[in-house]
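You will see two complexes here that share chain A, one where it goes with chain B and one where it goes with chain C.
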Partner chain A sequence: MLTYIARKFLAMIPTLIGVSILVFVIFNVVGDDPVYLYLGKNATVEDVEIMRHSMGLDKPLWTQYLISMKELVTFNLGYSMSSKEKITDMFLNGAGPSIALTLPALFLYSGISIVLGLICAYWRGTWVDKMIAVLATVGMSISYVAVMIFAQYFLAFMPVEKWGVEIFPITGYENGFPDFIPYILLPNLITTFVALGYNTRFFRSIAVEEMNRDYIRTARAYGADTRTILFKHVLKNIMIPIIARVVVTLPFMITGSFLLEQFFVVPGLGYKLLHAIESADFKVVRTFTMLIAFLVVVTNSVADILNSMVDPRVKLS
Partner chain B sequence: MTAAAPAKFVEPRYGESLFRKSARKFRRDRLGMASLSIVGVYAVIALCVKIGLFATLDAATTPVGRQHVAPGQTYQHILADKSVEERTSWFGTDIRGNDVGLKLIYSIKQAFAIGILVAFFSVLIGVVLGAISGYFGGKTDDFLLWVYTSMSSVPYILWIIAISYAFGKGFTGVVIALSSTFWVGIYFNIRAEVQRLKEMEFVLASESFGMGKMHIIFRDIMPNLTHLISIFLSLNFIAAIKNEVILSFLGLGIAGEPSWGAMISSARLDLLAGKWWEVTGATILLFILVMAFNLFTDSLQDAFDPKKVG
Partner chain C sequence: MKKALEKFAALAIAAAMTMTTACKGSGSSSEGLKVLEYGAVAVAGSSDPNDYASMYDLDLGALVYDTLYEYDYLARPFKLKPGMAEAMPKVTHNGKTYTIKLKKGIEYIDDKCFEKTGGKGREAVAGDFVYNLYRKADSLSKSQNWWLVSGQIAGLDALRDKYNGKEFNYDEKIDDLKAVDDHTIQFTLKKPFPQIMWVLAMAGMTLYPKECVDYYGEDFDNHPVGTGAFRMTEWQKNAKYTLVRNEKYREDLFPSEGTSEDKTAGRLADAGKRMPFADKVIVHEFSQSQPYWLQFRAGKSAWGRVPGEFTEEVFQIESREGNKKTWKKDAAGNRILADSYAGKYDYYPLPLLDFIYRAFNYEDEVVGGEKGKKLRQAISLTHDLNEENDLFYNGLNKVYAGIIPPGVGGFDPAVKNPYAGADLEKAKALLAEAGYPGGKGLPELQLCGGNDARTMEQAANFIRNAKRIGVKIRYEAMRFAELSAKLKQKRCQMMGLAWGGDWPDAQNFIQLAYGPNKSPGSNNANYDNPKLNKIYERSSVMPNGPERNKLYQQMNAIVIEDSAYLGAMARTRDYLIPFGTKNFKPEEMIHTHAKYIRLDKWGKK
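The block that comes next holds the complex of A and B.
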């Protein structure tokens, strides 16, 4: 097991290098000159030269790449160009709100959609099954942005406007343990709503597929009732695709937290990154992209390891 | 479609291709046909806008009257010769006094332009790279697989943001950003399928005839991938128009021209002031198109699936 874990982490290295090269190429080679973007149109030649030198952009590309790698590996990421904050601090402060905005929803919608998927498999072909399948497709077709806008209007804005009751705060965020809870409720609700359609469809199809397998017929022949089959056999066997699915949706959650943070003005990673894009803060954008990517790569490897613990068929050698 | 009642068994005919049988299966699928016709209506409107029959860019971005006229209300319409005429606005006007109905219709063309271009380019890249990777194997495969793993390890929204940051805002930026991120999933599927197909006898036969590698990939293997390709085209079309809305909301969308994304994100503050028509109109039109396309894709998948009897 330990060698397997070690191998998994070693296998991350080429991927991480690949990610860093891609990010570097996009920002340093393909992208517009960050110096011009940052200084604007009225910069003098000297300003540009000084800026270029201070950012290290006058060095050859491979030196620049190695320098940026060295900064990442030593976690010495420098300072933001616009707010002069330490980038490490910005990242660590932003991670909390981002996680609070989406992680509870991950558990909520995974739970609900697994239950709905099993319900569909149990009542296969009846109106319950069809209704859930149709509703899932409907849920899948609504735009994320529209869900946010209307949820904020009907659940947070209108109650205050019409009846003077505050159900959810309209926007904002507060740090500290009990204070942040009201602010994360509506965003988590929205994430759950948006993700429910996709996940219910997915879990339904794998549950239904599992119900058609031969061993289920054998179990039925032995006289096992549907409930026993569903919870004792099907749920155990679909655990592997469920874990894989949850991992696949992790990047999707980051998308969600980008939109939600921007919309509800929550100072998470996405909000800070978008803010950096607006102020052409090249260094923050590149570093944040890289760090988030690294986090995802690490999470994926951890998920693979988890999967190997659940699935006895995964070869460890 | 998962929810549809199982249709009647479609008897295979002698010498019938998979594609023809699927087309016959599809025509029997009522939900599939209904959704295809909705998509068709949208496509015809998009085409008419494209060739300039109605709702031209000019018409959609010229103020017709005062701002924020509610749907069904009358307003003073300004004619070309500056004279004024009383008119009823069916879809209301936006903050600049532009007609929301015209903007909505113009946006259909935008959605199709983005959807078709992104679907085409992303599927093209994914299929070509996937076929090369799957067929040749070895170092080429290792390299492409490494690019794939690196790209898919990063949340695609980050790529999209990074790429549109690099290529600038606007239509081209959106198309490049979406196409260069959406090919990854297709690549992996096509690669696996080609790896399976290249072991088959018909490829061996072609090789023993001395056919070139390109001939084998594109003339022998590729026809066996048409069903996958058409499903990917359809899925990426949906993904493209949905992500246009997200990009617009993040300030990276098409600038200057109306699109559903631009309408939804720019009019969201109007909603708080009770001006609901612009956001609602764009949301509903987008929803109907995406819903119809989702149902169509489901039916397409069922029609191509030889295991499904229906």
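The block that comes next holds the complex of A and C.
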């Protein structure tokens, strides 16, 4: 097992190097020139040259690449050009709000949709299945932005305006427990609502497939009850796709939801990344991209390892 | 059943706690401070006076850093009055030497960067002002504000050149900029520049302690150490900042004089009272207008700026004819608020000192120079700015001729632009005279501009108009960084831009057309007319007055005739002020509103 894990992690290195080269080319060769943006409307040619020099942009490309890699590996990332925050602090301060905004929702919608998926599969073709399928389709059809705007208006703003009661804060975020809790409730409900449709349909389809297997008929023949069939046999056997789906979502929990954070003015990583992109803050965007790539590669490897643990048929080779 | 009940009770308690916490955030008292909250429609990037790049940076900077001079809050036309300075400067040597006496006893906030005094803030002294300007001149400090003094103070330019790209010697003394003693600043300009007084009132020209910049290094940006009315206690970047009253703030009294409108609006009720009135200021920053507006309407903001998309909801419309909306107006000519707003808010329309324009690259072979003049005039004649105003700005912008916006000396409402469209027949005739009858022989032109939806729609409208006489234009939409780079490198044939005034003087707009300011300077159109340049040089050393305004008007006429610029428009910003907010007088040149505001009912946090 240890060899398997070690091999998995070694395999990450070339992938990450590949991503780093790609990111470097995108930002340093074909991307915007950050110097003009940083210096503003009254820059002179001299200012531009000095700035270019101080940012190391006048060095050969391969030198620039090696410097950027050294900065990444040593976590000596410097300061954001747009927000002037230390980039490491930016990540440390932003990860908490992002996770608070997405992780509870992940548990909530995953749990609910797995249960709904199993219910649909067991009572396949009945009115219960049809009703859930219709609701899931309706949920999938409404755009994320529309749900955000409606929820913010009707659940956060309207109660204050009409009745002077604040059910959810309209926007904002407070650091520290439990101050942050009121601010994450509505965004988590929105994410849950939006994700529920997709996930229910997905889990339903894999559960239905599983329900058609021979061993389910055998279990029924032996007199196994509904709960045992659903939660002991079916759920256990559909864990591989469930793990895969949940695990690939994890990196994006940390990097946050751009739209949600922007609409609810939560200083998470997604919102920070959005600002960095708008400001051509290439150091921040580069670091973000590498972080996402790293997390994706790591979580995929973790998913493989977990799969091998829940399903012995997945060979450690 | 018992377990279920227990679970329900636990949930109910948790929900109640949550609600309590939520409510605490909106009004219940814990510290008993007078809290002022308001929203900003964009985020502040920097609190370092070396790096202010937007009005949102200034909105923050001006509250934590005090300035030598400040705008008289109620006076219109604008007037300056001493802030940290004891009096208006003594100007000698034919308007070139400024001697400024500092008020004594103004201290910086306490901060750990004052290591020698164990964290106790020291007195602000004249040397701190010199340090500020030295730091702007230090090319390695990457100042975004060097332009404020660049080319003005002889010795300072020389010092910048001497240490260009090298480590700056902050101990080097120059005669043109010095601290005569701890409370006397003296600097000498290369030539008279009366507008320097407006510059001195900008937050970037404050005093700040060198030891704190040294202590925090690059992180100084996140640790403002000033003498302003407030000090910062929290900064959630891109989301909000929290300030509390600076107990060491100098004696600063609410103005006793104002306009007749101020008297009517009750803005003199606090005359002579010591400011600031708020103990704590929370500024919520937004990058989306919907949450900004909801937050305001929910009563969580002491004032609100009506986002364009909500204008129709806020004001009553009398009639609609195609794209043109006619707004219901009262006897004084002000638009009337919709019923749902009228019972809660006062309305204040603020005309901005704006120059929204399109320009032709004067160095371009096709559209530039004397050769391209008739082509430029023809294109100008195809475009109806009033139609653009109706289509994209609810008809609320002020369309004007030339480059001097309403609100500054030299603006003449009677001036008409003979090349303002739409007059397609005249445009076709001029196009033929330019050598391109019906557009034949004219290559496709390039127009550079922003990539936001509205800018692109406006460009589409402009392109459609030009096409009506056979001129084909291709729009290149780009992000600001790319646009900025292209403009600096003179790689745009035509451009759609906007300029917000830095100070209330036409010089700040006309300098955009001054030849020596060509790209990479602020003259992105690379317009260069020797006649205008000469007049500009004459006017730039003259004090404010009718004689100078006359020169401004002459330059405006030259620009109109050359049609290097197609425009212009100035926006009107609509402010809504809840009835409980007192003393708010909207003005975007002023960034210290928070210290003047008093609320009937303070938020308490």
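One rule holds in what follows: the second predicted complex is superposed on the first by the 295 of 317 C-alpha atoms of A that agree within 3 Å, B and C clash if a C-alpha of one lies under 4 Å from a C-alpha of the other, contacts with A are read in each partner's own complex, and residues count from 1 in each chain.
The rule is simple: a residue touches a chain if its C-beta (ideal position, glycine included) is under 8 Å from a C-beta of that chain, and two chains touch if they have at least 3 such contacts.
Since we're looking at a predicted model, the values are computed, not measured.
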- Task: Could you classify chain B and chain C on chain A, in the superposed arrangement, as clash or fit?
- Result: clash
- With the two structures laid over each other on chain A, which partner does A:F157 touch: chain B (first), chain C (second), both, or neither? both
- Message: One more residue to check, A:S54. First (chain B), second (chain C), both or neither?
- Response: second
- Task: Once the structures are superposed on A, label A:L22 by its partner contacts, choosing first (chain B), second (chain C), both or neither.
- Result: first
- Query: Which partner does A:P178 contact after superposing on A: first (chain B), second (chain C), both, neither?
  - Reply: second
- Message: Just checking: does A:L39 make contact with chain B only, chain C only, both, or neither of them? Give me first, second, both or neither.
- Response: second
- Message: Tell me the contact category for A:S82 with respect to chain B and chain C: first, second, both or neither.
- Response: second
- Figure out whether A:S205 sits in contact with chain B (first) or chain C (second), or with both, or with neither. first
- Message: A:Q64 in the overlay: touching chain B, chain C, both, or neither? Say first, second, both or neither.
- Response: neither
- Message: With both complexes overlaid on chain A, does A:M140 touch chain B (first), chain C (second), both or neither?
- Response: first
- Message: Once the two complexes are aligned on chain A, which partner has more residues of chain A within touching range, chain B or chain C?
- Response: C
- 93-101, 129-137, 453-461 or 507-515: stretch of chain C that collides with chain B: 453-461
- Item | Overlap of chain C and chain B interfaces on chain A (superposed complexes) | 32, 149, 153, 157, 262-263, 274, 278
- Going by the contact rule at the top, pick out the chain C residues touching chain A in the complex. 17-19, 21-23, 25-26, 43, 45-46, 48, 51, 53, 139-140, 142, 144, 146-147, 150, 164-165, 218-219, 221-222, 236-240, 284-288, 290-291, 294-295, 297-300, 479-482, 484-485, 488, 520-522
- Item | Touching residues (chain side chain A, partner chain C) in the complex | 32-51, 53-54, 78-79, 82-86, 90, 93, 149, 152-153, 156-157, 160-161, 166-175, 178-179, 181-182, 185, 262-267, 271-272, 274-275, 278-280
- Item | chain B-touching residues of chain A, taken from the complex the two chains share | 14-15, 18-19, 21-23, 26-27, 30-32, 129-130, 133-134, 137-138, 140-146, 149-150, 153, 157, 201, 204-205, 250-252, 254-255, 258-259, 262-263, 273-274, 277-278, 285, 289, 292-293, 296-297, 300
- Item | Complex contact set, residues of chain B against chain A | 2-3, 146-147, 149-151, 153-158, 161-163, 165-168, 242, 245-246, 249-251, 261, 264-265, 268, 271-272, 279, 283, 286-287, 290-291, 294-295, 298
